[in-house]
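Both complexes shown next keep subunit A, but they swap its partner, so subunit B is in the first and subunit C is in the second.
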Partner chain A sequence: MSALRAIFMREARLAWAGGGGAAGPTAFFLAAITLAPLAIGPAADLLSAVGPGIMGFAALLSVLQSADRLFGDDHGDGTAELYLLSGVSPAWLVLAKVTGQALATLWPLPVIGCLGAMMYGVPVQPALMGALALLAAIPALSLIAGFAGALAAGIRRSGLLIALIATPMMVPVLIFAAGAGRSAFEGDERALANLLLTAAVSLGTIALAPFGIAAAIRSRLG
Partner chain B sequence: MLSYFSNPQRFDQLARTLIPIFAVLALGLLAVGVYLSFFASPPDYQQGETIRIMYVHVPAAYMAMALYAALAAASFVYFVWRHALADAAAEVIAPIGAVFTVLALFTGSLWGKPMWGAWWEWDARMTSVLVLLLVYLGYMALRAALEDAQQAARTGAILAMAGIINLVIVKFSVDWWSSLHQPASVIRLDGPTIHSSQLWPLAIMALGYSFLAGWLILYRLRSQALRRRVRTLQRQREQAARAREEAVS
Partner chain C sequence: MTMQSATEISPDMPEFETETLRVSGLSLARGGIELVRGFSLDLAPGDAVLMSGPNGTGKTTLLRALAGFIRPDAGEIRFGELPPGEVAADCLGWLGHADGLKPNETPRAALRFWADLTGQSRKAILPLMRAMAVESLIDRPAARLSRGQQRRTALVRVALANRPIWLLDEPAGPLDGGGRARLASLVAWHRARGGSVIAATHQRLDWPDARRIDLGAHR
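What follows is the complex of A and B.
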C-alpha cells in the first residue's frame, strides 16, 4: 500500500512541479471556450443552447492535450521497466499513477466548466449539473487518455496518435456527460439519468482500464 | 485445428487452394447479385429505384462490422496463443475492413440524399459506423507507428480487443444520444419487413462480399508471407556476401 501511495504522491508532485500542474489543461480549456463563441457567433440563445455541449467537448480536448506525458516519459527513461519489476500489482500501480496525475492537473475542469457555461448564458442549475457531470467524467477521461498514452508511449509525435486512439473510446462518456448538462438546460428529467450513466461509465472504466493500461505498458517493453 | 493451420506451410497450401475458389465464388456471386439487384428485382413501392443502393450498402455495412469482429478475434487468438498467423491476419484485415466501412458510409450518404434529403444525418447507426471507421484508423495508425514488429503485434492486439468492448458501449450510448432529441420526420428504414424479391439479391450480394473479403484476406496473407520470405533470403544473401568478402580480405 505504501508503494502505491508513493507512486501516487510522486505523480501528483511531478505533475504539480514539473508539468505546471493544472496550468496546461486549464489554459487549453479556457482558450477553447473563448474561441468557440468567436466561431459560432454571439447570438445569446444559440450560445446558451450549445454551452453545455461545448463545455464537455472542450474538457475532453484538454484531457487529451496532456495525455502523452503520462506514460511517455516513463517509457523513455526506463521507469516503466522498474514499475513492472517492483512486484506491485501493475493494475493498481497504473491506477494510482493516473489518479495522482488527474487529481493534480484536472481538478479545475468542473470549475471552469461551470463558470464557462454561465458565461455562455446557461442558468446556474444546469451549469452546476454540467460541472457535476464533468467531475463524474474525469476518471473515465483520464484513464482512457492513459490507455491511449500507454499504447503510444515513446512514439515520436504521439499526441496525434493518442487523440486518434482515444477519441472513439471517449464517445460514450462525452455523450453522457455533455448530455447531463444539455438535458438539464432543456428541463428534461433525463439529466439525472445522464449523470448516473456518466458515473457508471467512469466506474466501468476504473474496473477495466487499469488492466488494459498494464497490458499496454508490458506490450511496449517487447 | 487452430494450431494445425498455424503451421505456415500448411496454411500456405490451404490458402493456395482456397484463393482461386474464393475468387470464382466472389466474382460469380457478385455478378449474379448485381444482375439481380440492378435489373431483375422490382423497384421498391416506397423508395423506387433508389432501393438498389441498398444492395451495395447493406452488405458493405455488414462486412465492416463482421471484419472488425474478425480483427478482434484474430487479436485475441494472437494475444492468448501467440500464433504469428493470427497477428498477420489482424494486420491484413484492418485496411480491408476500413475500406468496407468507407464504402458503407459513402453509399449510405448517397442513399440518404434522395431518402432523407440530406447527405448526412447524425442518426445513431451512421454515427456508430463513423466511430467504427475511427477505430480502424487508430488501429492502423498505431501499428504503422511502431517499428518493432512484435511490439506492433501485441500493442495492436490490445487495442483491437479494447475496441470491441468500446464499440458495444458506443452503440448503446449513441442510441441514447440520438433519442435525446426528437427524431426528425425521416422515412424510417426499418419499415415493413423485407420482401423476398429483395431479400434474395441482398443475400447473394452479402455472400459475394463475404467471399470477396475472404479472397482479399487470404491473398494479402500469402503475399505478406512471401514478402517476409524474400526479405529473409535477401538478408541471408547479404550475410553470405559479407562473409565471403571477409574471407577474401
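What follows is the complex of A and C.
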C-alpha cells in the first residue's frame, strides 16, 4: 500500500511541479469555452441551451490535450521498464499513477464547468448538476486518455493515434455527462439518471482500464 | 569491503536472498533477424558477466529478454525455478539505455521515491550516493546533471533496490575514469554480498574474475 501511495504522491508532485500542474488543461478548457460563443453567436437563449453540452465537450478535449505525456514520458526516459520491474502489480500501479496525475491537473475542470455554464446563462441548479457530472466523468476520461497514451507511447506524432483511439471510447461518458447538465437545464427527471450512468461508466473504467493500460505498457516495451 | 578499495561502501541495508540464473538454448530475433542462437549461461551468486560484441549483435535484446520484456523464440530462462516476468521482478536490478530520471526531479526526490516503491530504507541513499561521488548533486534537478552524473545517479538507484541480480546495459557508457573505478567497487561490493551482475559494455571494465562473453560469436 505504501508503494501505491509513493507512486500517487510522485505523479501528483511531478505533474504539479514539472508539467505546470493544472495550468495546461485549465487554459485549454477556458480557451474552448471562451471561443465557442464567438462561433455560435450572441443569442442568449441559444447559448444557455448549448452551455451544458459545450462544458462536457470542452472538458473532454482538455483531458485529451495532455494524454501523450502521461505514459509517453515514462516510455522515453526508461521509467516504464523500472515500473514493470518494481514488483508492484502493474494494474494497481497505473491506477495510482493516473489518479495522482488526474487529481493534480484536472481538479479545476468541474469548477470551471460550473462557472462557465453560468456565464452561458445556465441557472445555478443545472450548472451544478453539470459540474457534478464532469466530476463523475473525470476518472473515465483520464483513464481512457491514459490507455490511448500508453498504446501510443514512443510513437512519433502520437497525438494523432491518441485522438483516434480515445475519441470513440469517450462517447458514452460524454453523452451521459453532458446529458446530465442538459436534462437538468430542460427540467426533466433524467438528470439524476444521467449522472448515475456517468458514475457507472467511470466505475467500470476504473475496474477495467488499468489492466488494459498495463498490457499496453508491456507491449510497447517488447 | 577492504580498505584498499577506491571507496568504502557501507550502507545500512538488509541482506537479500541470493538468486541463480540459468539460461539454456536461448534464441532471440529482432525485426526478423536472428541475433542470438543457442545462448547458454549459468549465473551463480557472486558471479559477474561482461558481454561485449559489435553494435547490433543483440546485447541489449538479450538483457531485455532476461528482464522479461521480450519473449525469446526458443530456449529457457530460469531465475531459480521460475521464468522471468512477475517473479523476476523481485530479484532484478535494472539499468537500461535510459537512466529513468525525470528532468525536473532532484536525485533526492527520485531516490526517495524508488526506495519507498521497492520497500527499502531511505537511509541507504546518502551512503550509496557518496559511493558514486554524486552526493553533492542531491538537490540539483536531473536535467542539469551531466550524462555521467545522471548515469551515476541511476546506478545508485540500482543499488538502492537491494536486489540480487543486476542487469546493466552500458553502465560505464558516459562515465569517466573515476566513475568507472567507482562502478567497479560498487559491483565488487554487490558481489561480496552474494549478488551477481550481467553487463553489456563496449568498454574494457576491470572487474576481478568477471567472465567475458563475446556475443558476436553466438550468431
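Just so it is clear, the second predicted complex is superposed on the first by the 222 of 222 C-alpha atoms of A that agree within 3 Å, B and C clash if a C-alpha of one lies under 4 Å from a C-alpha of the other, contacts with A are read in each partner's own complex, and residues count from 1 in each chain.
The working rule: contacts are C-beta pairs under 8 Å (C-beta built on N, C-alpha and C of every residue); 3 or more make two chains touch, one makes a residue touch a chain.
On a predicted model such as this, the values are computed, not experimentally measured, just so you know.
Undergrad: What does the overlay on subunit A give for subunit B and subunit C, a clash or a fit?
TA: Superposition result for subunit B and subunit C: fit.
Undergrad: Using centres of C-alpha atoms, tell me the angle at subunit A that subunit B and subunit C span after the overlay, to the nearest 10°.
TA: 90
Undergrad: Touching A:S2 in the superposition: subunit B (first), subunit C (second), both, neither?
TA: After superposing on A, A:S2 lies in contact with subunit C but is clear of subunit B.
Undergrad: Applying the touch criterion given at the start, work out whether A:V171 contacts subunit B, subunit C, both or neither, answering first, second, both or neither.
TA: first
Undergrad: Give one of first, second, both or neither to describe whether A:G212 is in contact with subunit B, with subunit C, with both, or with none.
TA: first
Undergrad: Applying the document's definition of touch, where does A:L14 land relative to subunit B and subunit C: first, second, both, or neither?
TA: second
Undergrad: Output check: A:L84 vs subunit B and subunit C. Expected answer is one of first, second, both, neither. What do you get?
TA: second
Undergrad: Please work out whether A:G76 is in contact with subunit B alone, subunit C alone, both, or neither, and reply first, second, both or neither.
TA: Second partner only.
Undergrad: With both complexes overlaid on chain A, does A:G179 touch subunit B (first), subunit C (second), both or neither?
TA: In the superposed model, A:G179 contacts subunit B only, not subunit C.
Undergrad: Considering the aligned complexes, could you tell me the closest Cα pair distance between subunit B and subunit C in angstrom?
TA: Minimum over all C-alpha pairs: 7 Å.
Undergrad: Indicate the residue numbers of subunit A shared between its subunit B interface and its subunit C interface, in ascending order.
TA: Common interface on subunit A, subunit B vs subunit C: 222.
Undergrad: Going by the contact rule set out above, which residues of subunit C touch subunit A in the complex?
TA: 64, 67-71, 88-90, 92, 94, 96-105, 109, 113-114, 116-119, 157
Undergrad: Under the stated contact criterion, what part of subunit B meets subunit A in this complex?
TA: Interface residues on the subunit B side: 131-132, 134-135, 137-138, 141-142, 145-146, 148, 150-151, 154-155, 157-159, 162-163, 165-166, 169-170, 172-174, 176-177, 180.
Undergrad: Spell out the residues on subunit A that touch subunit B in their complex, using ranges where they run on.
TA: 147, 151-152, 155, 158, 161, 164-165, 167-169, 171-172, 175-176, 179, 182-183, 188, 190, 197, 201, 204, 208, 212, 215-216, 219-220, 222
Undergrad: Within the complex, which stretch of subunit A touches subunit C?
TA: Against subunit C, subunit A makes touches at 2-3, 5-7, 9-10, 13-14, 17-18, 73, 76-79, 81-82, 84-88, 218, 221-222.
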